[in-house]
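We just call them A, B and C in the order they show up, numbering each chain from 1.
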Amino acid sequence: MSQSNIRFEKVSKSYGTLRVVDDLDLTIDQGEFLSLLGPSGSGKTTILMMLAGFEAPSGGTISLGSRRIDQLPPHKRNMGVVFQNYALFPHMSVAANVAFPLEMRGTPRSEIDSKVARALDMVQLGTMKDRRPSQLSGGQQQRVALARALVFEPSVVLMDEPLGALDKQLREQMQLDIRALHKRLGLTIVFVTHDQSEALTMSDRIAVFNRGKIEQIGTPREIYDQPRSRFVAQFIGETNLVEGTLAEAGDTGATVKLEGGGTIRVQPSDMAMDAGRILVSVRPERIRLGPDAASENSYPATVTDAVYHGDHLRIQLDNGAFGFVAKADRRTAEFNPGDKVVVSFAPSDCWMLPT
Amino acid sequence: MRAANLVKLLFGVLAVVFLVAPLVAILPLAFTSSVFLTYPIPGYSMRWFNELANANVWRMSIINSLIIGTGTTLLAGTLGTLAALGLRNAGLILPGLFRTAFLLPMVVPAVVLGVGMQVFFVHLGLANSYAGVIAAHSVVAVPFVVVSVTASLAGIDRRVERAAASLGAAPFTVFRRVTLPLALPGILSGAVFAFATSLDEVVLTLFVAGPNQRTLARQMFSSIRENISPAIAAAAFLFIIGTLLIAAVALLVRRRTERLKQQVVEV
Amino acid sequence: MSDTSAKGRLGALALVAPLVLFLAIFFAWPLVSMLKEAVSDPVGSRAFPLTAAVAGDWDRQSDPPQELQQAFIDDLRAIDDQQLLGDAVRRLNSAQNGFRTLMGRTMRAVEEQPQGPIDLVEVDKRWADARFWRAVADSTNPYTDRYLLAALDYERDASGRIEALPAEASANTAILLRTLGIGAVVTIACALIGLPYAMLAVSVEGWKRQLLLGAVLLPLWTSLLVRTAAWFILLQEQGLINDTLMSLGLISRPLPLIFNRLGVVIAMTHVLLPFMVLPIYSVLLSIPRNLMPAAASLGAPPWRAFLRVLLPLSLRGVVSGSLLVFMTAIGYYITPALIGGAQDQMISSVIAFYAIGSANWGMAGALGAILLVATLALYAVYGRLSADRAGGR
């Protein structure tokens, strides 16, 4: 079990003429927390289901370590799966649910009882073992599902939007719990979600999916700060995209000529850029308002709208050539429609990508 | 507004009386001491229940009904449950066609089917045999089983079965430990329906059964036609009490299943 | 498991196969045999195989050719199954009066001269009449439309043209019309009670609704025979209804309630009412509860809101309920058989009479075919309607 990473090689999946997963190559390292993120219909759940064995790939291979697993039936894959809506057995008690995978593996009765007890303690449900799933709250059901998927000590755990049905507070608590379990048990976790903030806070790496293909894969920081396509830039967080042409590029940065006149200095990129049109992405919270002589990128603009959001102000700006959205700390100043301001942003906060 | 409510109340009471009164009216006559099926009842006795239990035609017909009902329940229950499981499988070709075909016996008039069976069973050598009557009853009982089991299978979250597989259960184990227990209420109520259908079947019995397979319903039919006696009321009493018991059991089973499934609906 | 692989497909087929096989043998095949009875006429072709072989060459207009006559004589010489011969004579006699005596005489002549040609006209001069030969030739066709025609009160005349039976012999049309009439009256009665009943059930809540629904479901669950027996007891001359009305002094003589049309309609309405109430109820239940208040807020008085909003929306339920009730009603046997008089028997009773009473499979099959086609047509409409509803939302 030294090198038991998961490898997808040229995997595709079609339903009739509809291609849901398209020529996927992906390696998941042992012990890694990988999130599959994308809008619904992007193929992320299909990939998880192929990994779990519920869908057969139309082409390509999936392997775990040196062993090919795509022909293996689900019950022989030995992966813990946590389903959307938990999929607890409604006709069994909590303890029987958790004991189920151990029974399937022929674990002796005495051992089963102690392992079940330990697993339930781990998710703080030791006192609930004789209840039926329907007598538990959503969060408790979720924890039973987790205990059930972990009790047989699988090295890989697959999670299909496991927190989608929980309310916000509970969801955030569970995110921390799962993260802690991941660290403590050294699990490989493949986590499907459509919630970008969940993916950003939990993952070692995120794979962003669009139309059956990986748009970008990388650490949360890379995905957020250095999106490599318009889709990723817009899907993760909020951003301002400005069109222009690449005027000059060097090791320390590049200059982009804007449509409506003026230039923006941006940080250097390892992506090959066409000589033609490119996009510049600037996150709203990186935009500073007010005169800032030190900045290379500063423009006069007019406030067109300002909306109070509690922890920040959301300000709509227009400088004649392009529109901006900025998030401002509400302590800095009051802004009203019609106010003239200067917006500026550091070149290191500007990222260019192909159109 | 008050007049409208009065009309509503009156209509409701009359309609409920129309629906229920006949069933209530027949009950006391089961205990009459008279030989006539009329009110007022001169005195009460158990003589007609004794008649059911002891008179040869009635006793034989009750035994026949139990034999044929049990056979029908087993045959229709098995065939219908298997078919419902097949219908649920996404890999089945032309599922709509199969579903319609399985429901057709409910639609075809019993007399038409009876004529066909009478002709055909003679060729097959099944006329006047228990096997023939059980097969005939199973044809009309099986749609109820298919409908009932299909409904209970539709209520099972497929992810629960997938969860079982992911936890290491082989396909047959998934079926035995998860699908079957969850579908059991539907299978049981399908079986009850099949038994009730067989118990109540007259027309097909008329065509395919010989004198040795005379069932209780068939006996009641000819008794109403030829020599009406309060034994009919006694038999009807048993039927109605049986119905109420079955309804009560079905209600309990449904309550239990709904509690189990609540979780799936809530989240 | 939702398995669309070839193995899964095979597994699914294996699961439905036993029931498909069972229904093919015990449901479809009997229906096919019944339909075959309606159009088959095997006696002539089995009794006279040689005649059958040459009958097609004769145009039925000219004099019967020698080969036909000789084939018929050879057939008569070859017959040794007395029962088959008897059936054949009966079959011929039903097509053309006089065959009984004619065949008796002819058989004797054939037995006296077991070899060579016989001049049949010499045996009996009726053989000179082409009508008798036509009957023989026609009887050798294994298929016939005469039962189907007879079921609709038609027959073929001597020249093979289809013509209506004389009025005094045409009982079947009357029975078909009566069946449709009783079905219609029962359907209307069910709709008139069922629609307000379902509306009432939707408009109340709690135990009242449970009571109204229970009152519909209890009869539905109760044995049809028990319900019919109950009505028998209520409607009979010294039944509860007559007794009550007499003791109240409302009538002086018992009303005739049983063994007539009124009794049949009352009992069938009771039996079929649940099939009307339940579809309407489920449609009404799916109508958002705030539509009537919405109509009121837009200025509609209650009765107009009812006519313009609730009634059109519930019509779907009424239509499916009506189809269901009508379809079931026209096939009813038990209730008319027990509660009705001779003048209230519907098509099912006539079919049962032909099949059980007089062993006339041809007529039973033909009338059965008509009832089967009518029922399946109504079911197809019903299926289309409910499919629309399921998909149209």
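Here is the rule we go by: a contact is a pair of C-beta atoms (placed from the backbone, for glycine too) under 8 Å apart; a residue touches a chain by one contact, two chains touch by 3 or more.
Heads up on the chains, UniProt names are A = Spermidine/putrescine import ATP-binding protein PotA; B, C = Spermidine/putrescine transport system permease protein.
Note that the coordinates shown come from a computational prediction; the quantities given were computed from them, not determined experimentally.
Centrality by C-alpha centroid: the chain sitting nearest the overall protein C-alpha mean is B.
Distance from the centre of subunit B peaks at A, each centre being the average of the chain's Cα atoms.
By number of C-beta pairs in contact, chains B-C lead all other pairings.
Here the spacing of subunit A and subunit B, counted between their Cα centres, is 54 Å. Put simply, the C-alpha centre of subunit B and that of subunit C have 24 angstrom between them. Each chain gets one centre point, the mean of its Cα atoms, and the points for subunit A and subunit C are 66 Å apart.
Multi-chain contact residues of subunit C, defined as those touching 2 or more other chains: 1, 5. Residues of subunit B in contact with two or more other chains: 162, 165, 171, 174.
The set of subunit A residues touching two or more other chains comprises 54.
Per the touch definition, subunit A reaches subunit B in the complex via residues 52-54, 73-81, 83-91, 100-101, 104-105, 132-134, 138, 141, 145, 148-149, 152, 158, 165. Of all residues in subunit B, only 8, 11-12, 15-16, 18-23, 25-26, 29, 36-39, 78-80, 82-83, 85-87, 89-93, 98, 100-102, 104-105, 107-121, 123, 135-136, 138-139, 142, 146, 158, 161-162, 165, 171, 174, 196, 199-200, 202-203, 206-207, 217, 220-221, 224-225, 228, 232-233, 235-236, 239-240, 243, 246-247 touch subunit C in the complex they form. On the subunit C side of its complex with subunit B, the touching residues are 1-5, 8-9, 11-20, 22-23, 26-27, 29-34, 37, 193, 196-197, 200, 203, 211-212, 215-219, 221-234, 236, 238-240, 243, 270, 273, 327, 330-331, 333-334, 337-338, 348, 351-352, 355-356, 361, 364-365, 368, 371-372, 375-376, 379, 383. Subunit B makes touch with subunit A in their complex at residues 157, 159-160, 162-171, 173-174, 177-178, 181-182, 259-264, 266-267.
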